[in-house]
Amino acid sequence: MSLAVDDLKVYYRTIRGDVRAVDGVTFGVEDGEIMGLAGESGCGKSSLGNSLVYLTGRMKYVGGDVRLDGAQLPIWDFEAMNRHRFTQISVVPQYAMSALNPTRRIGRMIAELLASRGVRFSEVEDELVRRLELVGLDGDVLRLYPIELSGGMKQRTVMVLSTLLNPSLLIADEITSALDVSTQKAVARMLVNFREHGFVKSMVVITHDISILYQVADSILVMYAGQLAEKGSAETIIHAPSHPYTRLLISSLPEVGVRYDEKKLAGIPGTPPPLLRPPEGCRFRDRCPLATARCAERPPFRQVEPGHSVACWEVAA
Amino acid sequence: MRRYLLRKLGIYALTFVAAVTVDWSIPHLMPGNPVLTLMGRIQIQDPKVAQHVYDNYMRSFNLDLPLWKQYWYFWVSLFHGDLGTSILQFPTPVSSIIVHAIPYTLGLLVPSILLSWYVGNKVGALAARRKVLDNTALPVGYVLTATPYMWLAILLVWIFAVTLGLFPVGLAYSPTAGRGWSTAFLLDVAHHWVLPFLSLFLVGCGGWAIGMRNMIIYELESDYAHYLESLGAPRRLVRKYAFRNAMLPQISGLALSLGAVIAGALVTEIVFSYPGLGYQIYRAITNEDYFVIQGIFLFIIVGVLVANFIVDIVYVVVDPRTRIGMQGGQA
Amino acid sequence: MSATGTASPRSIAGAVDEHLPELPQPAMSGIRETLYFALRNRKLLVGIAISTAMLLFALVGPVFARHPALEYGGHLSVGPTTKDGYWFGTTLLGQDVYAQFVTGLRLAFVVGVLGGGIAALAGMLVGFTAGYRGGIVDEVLNMLTNVVLVIPTFALLLVIAAYLKVRGIMTESIFIGLTSWPWAARALRAQTFSLTSRDFVSLARLSGSRSWRIMFNEIAPNMSSYLFMMFILLFGNAILIAATLDFIGLGPSNTISLGMMMQLSVQNAALQLHLWWWFLPPGLAIMAIVGSLYVMNVGLDEVFNPRLRSM
């Protein structure tokens, strides 16, 4: 297995207590698998993805085990993780367009970054240019300052840079959010391309936009309020979801080409529970049409068929 | 880049014209015949001197000519380097007074500005890294920056010169030391220079340290810093980038702070009776020597504008964003 | 600003972490939440404590002054004593230092409020309008701001004040206010830019509100905290400039201020005569007021910007 996460718990420190952003998450990503991580804002997907690479100041590791290619990832130890970053696990951040140092030429920054990681620029330069051309950028980009590039160009540069050392796992965090629809498609294709070329082995694509995942992902993991709701192949999740939350999520998607004159677009009524002092039991209980008394106890994330797991008493008891 | 610099030059030219105009118009804003009013205040005893001064004034103000001509002549004499004559130190021309005072003022200003900028920035950068230093350096910085320049000067004089006798109380050099470029004289000058320099230096340090510390924290929280860290870049590299980027606003800050530092230098000179522009202005104000005041004012304006322009050039060289932005880079 | 070229609220503020993911936080009413953090911020508390103490001193102090500030008494160069109520001693000419001190303290606050207030007002008008309107209005105002910004205003004040024979505290404050606004205008313009690009303003515009209304009802409340902090900085700045002007001899006529006290003490060789009670209190008072205000400002910034709150 490429990535194995077991009961991972990552909380945010706040003055009022711990916000339980990632509260006991277990899943795996195979070699060569592109897994989508979906859910609404605040469900913890970004926290989950980012915690695998880089714990920001407020985040604290509470428990759980993370293994990449069999070896443990010491995500609680900032310094120890450096060894793994960029080489084995890498990230394309949400803020890719402002991720490049504005006062350094791009090529120089990359050279200095590589040098600090013990890689000679001259050794990878050809490959770097080749990959840049692959995503539609000219090698000359290296001589420019970030301000001279468009947003899309900067994002593509970041994508190439993040995968330059061929990491086993790439975390792509909301990389299509700031783009228009046609560019979204292009970027999504690029991701798949990277895998085809062997630049990356597996990916976790974090997004709130499920339609992207449909184009790109092999499997989809749906999160709700810091916990897993459902995981299955893209086909299953999109066309035959089991968990009530996933079903409501999918059905609330507008279909292309359909007019919504008479039917109101139904969102999911209600709001997610606060993660500061989350309720006991299933966290979707308050908004779930199928909720029963049993849901006062947290349902386990159980496999209903090969490659498909759900956390719901009604569906997978 | 050229457009940017030309634009700045334009603003400076505009500013210069505005300043000269203000300088020229102020005496005219006083009610009545400005010359007679001035004469009345000065009360010169010697009738010959009085007549001379009166003629000087009349010539300078050209009150018999229409207003615009007076204005024009003001500019003309300005470009001839004629800033009028001092009343107190009659018949010394104002320009001569200025020329003799400049070395002392610059001798205080330039080292204190540059050194306080350098040291302050370094301390601020260090404070941004270490919590312990931060907790001590920051309050000290705020206190220093809130200290009025002249009071720190007073304090230094009282403690180190008067009470402890380690340094001279004032002046640029001992009246007894022979002038000329002998080592003894130079040492004497340096000895007299230390306290006034220190006074300017300390206050400046406080401000720069605080500014730099905040800028570095800001840079360390930026997207590019986070991205580098997530790619496993060592702290060293991130800090290096943060430091360089934090320096940029500090450079433009130099120009902004100039006005305040000059004011500080002026009052410091007064405390130490240091014969620079500040001291001359003080004497001029106390003795209502208006031409000297006006002349020094214009000189300061020119100096500040030149310094601003230099800083602008340096900034353009150092920050690629201004260079490229001006060439219409893609956004 | 005293040599703190970059000590604008922006930089005093420092860190802004924009990539904290959404944290659903339990709701606490806005004002109560602000108060909660305000009461726990040490810098804010210390700053408020000291500046309020000084303010009280200025307000109540004169009650305890036994002699008129400018009157030449009989006891020359006496140290602080309880005899005859010369709490801070006397000057070389027998004047009551305490009386002078409290008079100067009051003047300092007046100058701070007036000078700082005028500068804040002017800065807000210019910066706000420029940032909100944009376009040609912005260009013109920007040019104006830059010109006034570059002029070493102190030198300007020198010339103006030198020509005025009779100077009042009002005139001094007005001049200071009219020359220190550009820095505030720039900062407020930047703040306006960042606020007007937000959604609630677009919404207001769409619903047809007139410009002025939008400015007051939507933007102003959000700006108010920023404006307040700016005012505090301008207040301190005005006090410093006034002290410098007074020290050079351009202070208000017919009265005594802290800067003038320092000037007179230096002129009368108080340093050589070790009359420390004459020259130490004025500068100390200024340092206390301005310093506590600066520190208070930093604390305020942390309170108003949740992201800056340290653990």
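Each chain gets a letter, A, B and C, in the order it is written, and its residues are counted from 1.
One rule holds for everything that comes next: a residue touches a chain if its C-beta (ideal position, glycine included) is under 8 Å from a C-beta of that chain, and two chains touch if they have at least 3 such contacts.
Keep in mind the model is a prediction, meaning the values are calculated, not measured.
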| item | value |
| --- | --- |
| Chain pair bearing the highest count of C-beta contacts | B-C |
| Most centrally placed chain - per-chain CA mean versus overall CA mean | C |
| Between chain B and chain C, centroid-to-centroid distance (C-alpha), Å | 22 |
| Separation of chain A from chain C, taking each centre as the mean of its C-alpha atoms, in whole Å | 49 |
| Geometric centre distance via CA averages, chain B-chain A, whole Å | 55 |
| Multi-partner residues of chain C (each touching 2 or more other chains) | 17-19 |
| Shared interface positions of chain A, touching two or more other chains | 56, 95 |
| Chain B residues counted as touching two or more neighbouring chains | 223, 226 |
| Touching residues (chain side chain B, partner chain C) in the complex | 11-12, 14-15, 18-19, 22-23, 26-27, 29-30, 41, 116, 139, 142-143, 145-152, 154-155, 157-158, 161-163, 169, 203-204, 206-208, 210-215, 217-218, 220-221, 223, 226, 249-250, 252-264, 266-267, 270-271, 281-282, 284-286, 288, 290, 293-294, 296-297, 300-301, 304-305, 308 |
| Footprint of chain B on chain A - complex, ascending | 53-54, 56, 81-87, 90-91, 93, 95, 98-105, 112-113, 116-117, 145, 147-150, 158, 161-162 |
| Interface residues, chain B side, partner chain A - complex | 222-224, 226-234, 236-237, 241, 244-245, 248, 319-321, 324-325, 329-331 |
| Contact footprint of chain B on chain C as seen in their complex | 1-7, 11-19, 143, 146-147, 149-156, 158-160, 162-163, 165, 183, 236, 240-241, 243-244, 247-250, 259, 262, 265-266, 271-272, 274, 276, 279-280, 282-284, 286-287, 290-291, 293-295, 298 |
